[in-house]
Structure formats: C-alpha cells, structure tokens
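Going by the order they are written in, the chains are A, B, C and D; count residues from 1 in each one.
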Amino acid sequence: MEQPFFEAPELDVAQWFNTEAPPTLAGLRGKVVVLHAFQMLCPGCVRAGLPQAQKIAAIFPADQVAVIGLHTVFEHHAAMTPVALSAFIHEYRLTFPIAVDRPSEDGPIPRTMAAYGMRGTPSLVLIDRMGLVRRHAFGAEEDLKVGAEIALLMAEAG
Amino acid sequence: MEQPFFEAPELDVAQWFNTEAPPTLAGLRGKVVVLHAFQMLCPGCVRAGLPQAQKIAAIFPADQVAVIGLHTVFEHHAAMTPVALSAFIHEYRLTFPIAVDRPSEDGPIPRTMAAYGMRGTPSLVLIDRMGLVRRHAFGAEEDLKVGAEIALLMAEAG
Amino acid sequence: MEQPFFEAPELDVAQWFNTEAPPTLAGLRGKVVVLHAFQMLCPGCVRAGLPQAQKIAAIFPADQVAVIGLHTVFEHHAAMTPVALSAFIHEYRLTFPIAVDRPSEDGPIPRTMAAYGMRGTPSLVLIDRMGLVRRHAFGAEEDLKVGAEIALLMAEAG
Amino acid sequence: MEQPFFEAPELDVAQWFNTEAPPTLAGLRGKVVVLHAFQMLCPGCVRAGLPQAQKIAAIFPADQVAVIGLHTVFEHHAAMTPVALSAFIHEYRLTFPIAVDRPSEDGPIPRTMAAYGMRGTPSLVLIDRMGLVRRHAFGAEEDLKVGAEIALLMAEAG
C-alpha cells in the first residue's frame, strides 16, 4: 500500500443496478468498500476482475464489507449503454450493486473515473472505514493478496 | 454424426464484419464450413465457443476450411446491436468473418437461426464440401472431437 | 473459524527439504504459520493446494508468515518415499521448507498427521503468533478466504 | 506432418499396467496408435499431456484407435519406479494401457525413448495403420490439431 492515502471522492452516478437503495460512500462510512471499476466489453474484467468481485461479495460479511461495481465507460460508448449493461449483468449473474459512472461533457472519461485518476479497466479501489483510499490497482490482482488487504482494513478500527 | 444430412440453408445476413467480400455458402461449396453461432453476451460463447472458433481459423488451412461466425441475437436485442458487436469483435480480437443474422419480423428468433432450427448459443454447425449439414451441436464441444470431425470432412472428396 | 482453539502440536519430522535450519513451531512463535499438509501423488494437492502454498510464500512477508509443507504419507508408502519427494520438489519448483512427517509404527497414518487429526490431503492449518491452531481445513480452499484469514492473524498482537 | 515417415520401432517394455493382454505395435497394425510418452513427475505431462491422452481414449473408438502410455524415465530414476507409477496411475484415474520403457544399461535414456529419438516429455507419437510414424511432437499440443491428425489417419485405408 505504497500510495499516499487520500479521501475517496464521492461516486458520481448516472444510474444504479442491483440495488433499491443506492449507496453513497458517505453512507458506507464505517465499512470497508471494495470498488471494482470495469467495462462490460473488457476481456480482463470478464475473465478476472468481475469473478473476483463476485467472490468477494460472497465470502466477506456484508455488514462489514461493501462491494460496488462501477461501469466506467471510456471507449465504445455507443456499445456499452445502460441497456446493454443490464443484459450483461443478467447473463453473468452479477448480484452486487453496480453503478453507471456519469459521462462527462468534456471528453470520453466518465466523471468518477477521472476523479480517481484510474488508468483503465479493471481497476480495484479499496476504501477503509474512514473513507480513505488505501489501495488503487490497475489490472488483474491475485486473490490471496486482495483477500489479505481487505481483511487488514476490516481489522482496523472504524 | 447422428443427424440425417440436409442441405445447409443459405445464410440470411443483415451485415458482415471482418470481411470485404461477404461469403455465401453457395460460394464456399468445395470447402468445409465451420459455422459458429453465438451471442456476444452469452458467457458460454465467450468462454468456450468463440475461442474454439478462433483456434480453428488459426489451425486449419483457409483454402480448405472456412470459419464463419453468426451473431444470432434472440434475446436482449437492444443490447446486442451491430455497433455493440463491432466493439466486442475489436476487444476480443476476433479475426474471422462474422455475420449478423437478419432479424425476423415475426418474433425474437432471427432468420438463419430459425432456418437451421438452432436451440440456443453457442451452436456449432459443420457443413461438408457438398453443402450438407453434417454436424449440429448446441453447447460447448470438446476440441479433440471437433478437430476430428472437421478433419474427416476435409478428407472427403468435394 | 469455528473450531475451538488448541495449542498446535509440535511437528514430528523425519527429514527436511529446502532448509538448512529446520524450523520448529516453538521457534516460530511470534509468526503466523501456514502449515500445508500434502502427498506428492494427491491430484488436488498438485492442482490447488501446493500452488496456493507457493503463492502464500511469495506474497506474504517471510518475517511475519512462515509457510511449511508437510508430506503426510498415509497411503502408497512405497511410492512416496523421501527420494521421490526430493525429485517432486525439484520438478515443481517448490521453494518453501518441506518436512517429511515421521512414519508411525502403529499404522499407515504418520505422527504429525495423527496429532492434528487431519482427515486427508490437502489439509491447511493456520497457527497464530501464540502457537494456537486457528483454522484447520480439509480440501481446496478459496485464495480470497485464505488470504483474509492469514492477514487477520498477522494483525493480531504476538 | 513435416517429418519423413519411418517404421515405428517396436516398444521395448519392462512392465505393463492397465492391461491383461500387453499389446505390441505389430499386433496393432490396422489401427491408429497414439503413443504418449511421459514421466509421472513431469508437470507438463500431468497438466496437459496425460489429460489429453485420457480424453483421446474416451472420444475415439477403441477398435480403430489405440492409446498407449509410455513411461520413459530418463531422470530421477530412483523416484519414478514402477511401484510409484502404479500409485500415480491409481490416483490420477488413468485407464489406458501404460508401458514402462525398458531401462538401458548404457545410460539414463530408456530403450524405446532412444529408438524413437524423443527429446523429452511429454512426447506424442502418431502411428498410422501401416505402422509408420506420421507425427512426432515434443511438448504440449493443441487438442484441435491432435484430434484432426488422428482423424486423418483414421480416414486412410489400412
């Protein structure tokens, strides 16, 4: 965890899936938040990132760890629409809350992706109980390592 | 190969990708045709069927075996549009010719899919040098078996 | 971690590989110990357990987490001899210390395996900094879960 | 199949497993023979070669295609003994006939391995109905390709 800690920017969301009560990072304070940024047509997300996020949601207790998917479309905008994402979520049996990152008027990078300085997809962000970004990784990450990092954040006081 | 042989219905195609000279089954007479029907949001197609089709195209000689992808959208029509398919083909690095099955005005099943009586995706159809359907499988198929079936059709006189 | 905690029985070892200074659990007090019991001809160990142990040794800091392999031969004794194990370790590029569990004169189950009440291979035992058994699993375990469990034990005071 | 064809040298076998009627290449004339050379402690054999051989035995008709395993021990001789191989065959549920290549008095390479000029394990040899070596590969081979090659040999007259 070599990065300097900084406060996690609030999610800027155009639409939610898989939740009736859209979460905010402010409202999740006290929990560890696993933010998984993906694009539905990104092969590395489909093969590695999303299955990892789904397993995290199944293994860690929901009252302590919140898994949130973030659809950060920065290319192929006409292909990866919310209606397409909805079908994708259904076909891949994803069950955790998934947010559509709000498109920007200034360019292809959506707003939350820009606020976090993400370099592409998949990106994994771990946010501690205080709301600080503690880990920010681009690309596939080892399950053993991610499991350990989440647990260490769980072990910290809120 | 337990099915009775029948003449392969001509492809009814709305649009082609990855080819400047759209093929027809009539024009491919004399070659073995591997017709791989898929939907871009079908997990079994992404994991097994499409990688198999791509490997077939790489391994078998193009002057004897033609691999054709057929995008048979029968659900989530608003998600799996041609523009979305185009992005999918790009991201998954698919290089063989891919046809968009022509939508029907009578229901969700597109026309070529209906003409072949396909039950879903992935579906694999092997067509011999004479234009007869010799194998029609629904679901993932063993590479060893598919390789053998293609080779046996190659070994037949045209 | 549903099992009652109990003090980890000392390893009863006939021979060591991959170490010039054979460790003891007593000497490792203060570290978390990951004890991976296996047999070299157990397919589940080769496919899942041993790669997991090797990854743990690579990912976690050696001054806090000790990974120890334990060759608990309880069947095919004439096949899984120390000389065979030596070749296996070489071929599979295993680098963490590996102990040969001492054979018993009373039956096929070696002594450390019996002392821990292991049911077969692979078995995973996590021992905390105080020398207590905190987790005892038979069969393949999810990397995410094991990573979390190790990290939680690391986070405890010694 | 770039190699010049040559008559397959007869197997020189010290011991057989999984068969009560030890086969000879002479006796198998008229069938296609898939000869899979392996060592039980060779990771590539365990991961790729042996599962492929087992699948070939399951998919192709036994009256036309004979699958034979050949344990060509050229290193770690004290580890990969017949008794160890017997346990390995049992644990990995291998069901096709497996021969122990006869050790040489002149060096570490056993006799059949030397006669075929194999470079290591896994090695795959395809022998046609006439008893000629038609394919000789070192290392893991694509299922699609191997399936095709076997089928082409099946399609030839005996």
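Basically, contacts are C-beta pairs under 8 Å (C-beta built on N, C-alpha and C of every residue); 3 or more make two chains touch, one makes a residue touch a chain.
Here's who's who by UniProt: A, B, C, D = Redoxin domain-containing protein.
If you're wondering where the values come from, they're calculated on a predicted model, not measured in any experiment.
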{"item": "Set of chains whose contacts include both chain D and chain C", "value": "none"}
{"item": "Maximum centroid distance from chain A, chain identifier (CA atoms)", "value": "D"}
{"item": "Averaged-CA centre spacing for the pair chain D and chain A, given as whole angstrom", "value": "49"}
{"item": "Chain centre separation in whole Å, for chain D relative to chain B (CA means)", "value": "35"}
{"item": "Multi-chain contact sites of chain A, meaning residues that touch two or more partners", "value": "none"}
{"item": "Overall pattern in which the protein chains touch one another (line/ring/star/complete/other)", "value": "ring"}
{"item": "Interchain pairs in contact, sorted by label", "value": "A-B, A-C, B-D, C-D"}
{"item": "Chain D partner contacts - residues on chain C that touch it in the complex", "value": "41-43, 46, 75-76, 78-81, 83-84, 86-88, 90-92"}
{"item": "Parts of chain A lying in touch with chain C, wherever the complex brings them together", "value": "52, 55-56, 59-60, 142-152, 154-155"}
